[in-house]
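Two complexes are shown next, each including subunit A; its partner changes from subunit B in the first to subunit C in the second.
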Partner chain A sequence: METCLDFLSLLILVSSFVLVSSKRISSYITAFKMQSLVLAVAAGLLGIHNLFVEGLPDVLILCVFIVILKVVYIPRLLRTTYQKVEYRVEKDFFLNIPISILICAGLVLLTYFCLYNLEGILSGHLRFYFMNSLSVVLIGLFFMITRKKAIGQIVGFLVLENGMFTMALLSYGMPFIIDLGILVDLLTAVMIMGMLVFRINETFESIDINRLRKLRG
Partner chain B sequence: MGLLILLIPLVTALLCWVFNDRKILHGINVLGSLFLLGNALWITARVQSEGVLTYPLFDHFFYLDCLNALILDTTLLVGFVTCFYSIGYLDHEYGTPQDLRKIKLFYSLTYTFIFTMVLTATTQNLGLMWIAIEATTLASVFLVGFSGTKHSIEAAWKYIIICSVGIALALLGIMFLYFSSSQALTGSRLSLNWLTLYENAGKLQGNVLKMAFIFILVGFGTKAGLVPMHTWLPDAHSEAPSPISALLSGVLLNNAMYGIIRFLSIVNKNMGSSVYTGRLLIFGGLLSIGAAALFILAQKDYKRLLAYSSVEHMGIIALSLGLYTPVSLFASLFHMVNHSFTKSMLFLTAGNVMLKYKTKEIASVTGLLKTMPLSGSAFLLGILAIAGLPPFSIFSSELNIILAAFKSGHFLTGTVFVFLLALAFGSITYALLKMFYGKEPENRMPAGEVHVYGVLSICVLLLFITCTGIYLPPFLKGLLDSASRIITGV
Partner chain C sequence: MNTVLYILIQLGVFVLLAPLVNGVIKKVKAFSQKRKGPPLAQLYYDLSKLLKKDCVISDTASWVFTAAPYIFLVTTLLAALFVPVTVFLQPFSFQGDIILAIYILALGRFFMTLAGLDTGSTFGGMGSSREMMIASLMEPALLVAVLTLGLHSGSTSVFAIMHKGMEGVPYLFHPANILLFAAILIILLAETARIPVDDPATHLELTMVHEAMLLEYSGRHLALIELAASVKQLFFITVLANLFLPLEVFIHTDIHTIALILGLGLYFLKVMALTLLVALVELYTVKLRFFSVPNLAAASFALAFLGFIQYFVVGR
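Take a look at the complex of A and B:
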């Protein structure tokens, strides 16, 4: 069980590297989808474990929600948004991909280093989960600042959120209601961002964030 | 009875879609906010006599003591005045019959926004509080982009992206807090209730709690507009319609700060001293005051300038929370209340000016005292109040903070603080005083106010900040006193 979760949390981390290395919007939406799928598998495993050991169906329900929202609905929403607003392929990143990957590797090292120095609190598997999910959070943040397109920022935010969710699931887990509330909030946030992307596309005739620079100082 | 306070805004938001008459919509709006205010006052009275108001529903998620009663009252008082103001604003800006849909949208979004703020202020479950604070962003995004211009869309995008990320980091902080309690409180039922965590604060794990506090400070600090996470704030506050700016600046920032306060009391009780949190908060506070004072000097847009002044005042509150003495806590809560009223009054007045002059540029507004005698003089007095001149209430709370700093031995902090306050005073008055004198603009606009609602609402707020500056009613003083005692737990 623990080894399995170790592996899955590592897989989530690896999938965020896949995300950083992808060039086009459609490929990083797929990367996000895969990452959510891994997260859902982890939630499913934990859920089955909880159901049989403690008789609580909480995490299993959560798993269903993750599958519906993060694996099916949100990627589809992003894809339709993208298809409606995009008419040409152009370079979408500020830093080229090898440099981005190097920086992300640096971020992972930084997290490992920081969490190793926290003594006595985290140990064994728990520390491993924390390291991986915190790295995913940081990579999500990094992804947000290196992409020019509005959709890139949304995906970065979602990856960051995935990292949080991994942490919440694999460590002690937040209360069920809170987890559910977070998912609903997330869904609303992404829907609103999607609508704003349309508005940005209408008013600025592009979804390039670089054009949003009237308000300064 | 107390739970009605969560129900009223939702019902009002829904009712706005039922009716198709402008007058009825305005009526619903005023009635809704009036009921809210009445209910809040009833709750405050209960809380003051009994100490705590809570119901066993859902593990006591609804919990009010003097601290959040204070936040709630401020929210709903300012909410009432701005809702009243909105009538005139909407009739003027969206006057044609085709705009009815916009008015409905405006009211229902505003009441959803108020609902999320009320939920933030009335729950003790920290997870639910997080959800509510995130929901405040979601409810107000379309209000920020309400006018649909390029600038407002840009502001809305920045607002949702930066705040969502910031709040996500705060979630990480809450997870760390939960984690620190999960190992210490084995046996008893785990919960995210503030009261449980606060009572068991000594048993939580200090190291994890330290990390949690940093994440909370960054996360809720983003929402509260502390430098360097403030970049969304001037955009959102200046591009939103004026009543919404008043709500965003006057009460939303308080709600975020309130989240920090709840954490602060747990962390400080756990550590037994306020050195760790104090350093972070004082540093963040001074940075915010200093940066805002400099940015104010460079502003060409008066609403944007007022937004930077909010950053400055949030910095002041953070600083005095960092000092963590009884006097400074009292002063910081008092400052929160004062800033709410003064800043919302200023944004409403700025709204009047904007409706008249049709511009936000400082340079294009001249002779304000001649064209709009009432709004103009209220604006002038408000600016002096926000800059910290007696007899207004901001002066008295700032004076208390300075006294607390020197009394508790923070001489360097106190000196820098006084210097930065002087700088901010100079820059605000230097930047804005040009608006009031000089010739009237060339296109000879007739003197007079734009709408009567605007004048009435700013007069009420002006009266309030002047009175509390001179004399603090025992009712308010008692509330502030017990609220600051809740933070320290003595």
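Take a look at the complex of A and C:
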């Protein structure tokens, strides 16, 4: 069980590296989808474990919600948004990919150093999950600031949220209601951001956030 | 006596099995395209035919050109000696021999790139410079991966790593090792001129890397280079097979000869499985634009580096 969760949390981290190394919008939406799928598998495993050991079905319900929202609905929403705005092949990032991958490796190192000396509840497997998910949060944040397109920033935000969710899920877990609330929040946030992308596209004729600096009367 | 036997078995396995690996990869690719493909032993026929033929050597070529194929083959076989095919052989192992093996391979590559430059043909020079770029990109990842394995087992000798892998928890299930496996798989594809980096089937001058360097070679020399290239491929496959899949745990016999034979059979199966994996990766990926190769190298480095970090977090 714990080896499995170790492996899944590691896969979530690796998928965020895949995200950073992908070039096109459609490929990073796919990367996000894969990451959510891994998260859903982890939640499913934990849910089944909880159901049979403690008789609580809440994590399993959460898993269903993750599959519906993060694996199916939000990627589709992003894809339709991306198809509706006019798209030209442009250079999408401020830093080139090898450098951003190396910086992300540096971020992992940073979290490792921050968490290594923490004792107390953070021991063994828990520290491992914590390290992986905190790195995912930082990588999501980094992804947000390196991409020029608005959709890239939405995906970065979602990945950041995935990281926090993993952290909560694999440690002691949050109350069920709060987890659900976060998911609904996320859905609203993504819908609003999708609208915003349309608006940006209408006003500036591109979703390149560099152009937002120009003033328009 | 034991050492002589070891060298004989090791060289025999490498030289005889290496062309077959190429044949299997080609066969799998052909099947996926609904062709029959060349016979499995095609590379053996090619080699024996090439060995009978004369070499054509350019007037402007220096001694490097004629010496390079021999040096390439000898260095590759020498490197192969450091990676025992099964744990039941008693190899000559010492601290750091895997690093030595990697740099012996680098020596062979150095002479190949020199030979590519030697005749002064444009394609040779282009191939050499590309080969050097790929090599320098892949080397950090390979070393980080190998040293992490060394950290796990407390030794940088291949034999010790293989022995350590047979103890305790299944080795591949350690999360770090999956990352290292993936990293070395990417390096294998790059080092042996496989598809995401170089296309072994093409003879289109603008895209080729490995082929461009040996464009000027013919006859005996070409046969040596082809053999050395396939041995190098088997070297990396063996590294993957023996360091990450220590299945020899399951062999329990007291008689050493039987254990050795079973070990060789198991090695053959592992190599075939990994060959299949390489062929599948090659089927499902496209050749990268040359300037995207750094991205691949960075990904491989990141994987190896994550594996390295996991070692400190989880420990063994």
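Annotations
The rule is short, and it goes like this: the second predicted complex is superposed on the first by the 212 of 217 C-alpha atoms of A that agree within 3 Å, B and C clash if a C-alpha of one lies under 4 Å from a C-alpha of the other, contacts with A are read in each partner's own complex, and residues count from 1 in each chain.
Note that contacts are C-beta pairs under 8 Å (C-beta built on N, C-alpha and C of every residue); 3 or more make two chains touch, one makes a residue touch a chain.
These figures come from a predicted structure and were not determined experimentally.
In the three-chain model built by superposing on subunit A, subunit B and subunit C fit together without any clash.
By the touch criterion defined above, A:56 lies against neither subunit B nor subunit C after alignment on the C-alpha atoms of chain A. Between the C-alpha centres of subunit B and subunit C, as viewed from that of subunit A after superposition on chain A, lies an angle of 150 degrees, to the nearest 10. Between subunit B and subunit C, the partner in contact with more residues of subunit A is B.
Residue contacts after overlaying the shared chain place A:110 against neither subunit B nor subunit C.
By the document's definition of touching, of the two partners only subunit C reaches A:97; subunit B does not. Of the two partner chains, subunit B is the only one touched by A:178; subunit C is not. When the shared chain is aligned, no partner comes close enough to touch A:72: not subunit B, not subunit C. Of the two partner chains, neither subunit B nor subunit C is touched by A:1.
Once the two complexes are laid over each other on the shared chain, residue contacts for A:161 go to subunit B alone; subunit C is not touched.
Once the two complexes are laid over each other on the shared chain, residue contacts for A:203 go to subunit B alone; subunit C is not touched. The overlay of the two complexes leaves subunit B and subunit C separated by a minimum Cα distance of 19 Å.
Counting contacts by the rule stated earlier, no residue of subunit A appears in both its interface with subunit B and its interface with subunit C.
Within the complex formed with subunit A, the subunit B residues making contact are 125, 127-128, 130-131, 134-135, 137-138, 141-142, 145, 148-151, 153-158, 160-161, 164-165, 168, 171-172, 174-175, 178-179, 182-183, 190-192, 205, 207-208, 211, 234-235, 238-239, 295, 298-299.
Subunit C meets subunit A in the complex at residues 173, 175, 178-179, 294-295, 297-299, 301-303, 305-306, 309-310, 312-314.
Across the interface of their complex, subunit C is touched by residues 3, 6-7, 10, 13-14, 17, 21, 97-98, 101-102, 104-105, 108-109, 112, 116, 127-128, 131 of subunit A.
On subunit A, the positions that touch subunit B within their shared complex are 118-121, 137, 141, 144, 150, 153, 157, 160-161, 164, 167-168, 171-172, 174-175, 177-178, 181-182, 185, 188-189, 192-193, 196, 199-200, 203-204, 209, 212-215, 217.
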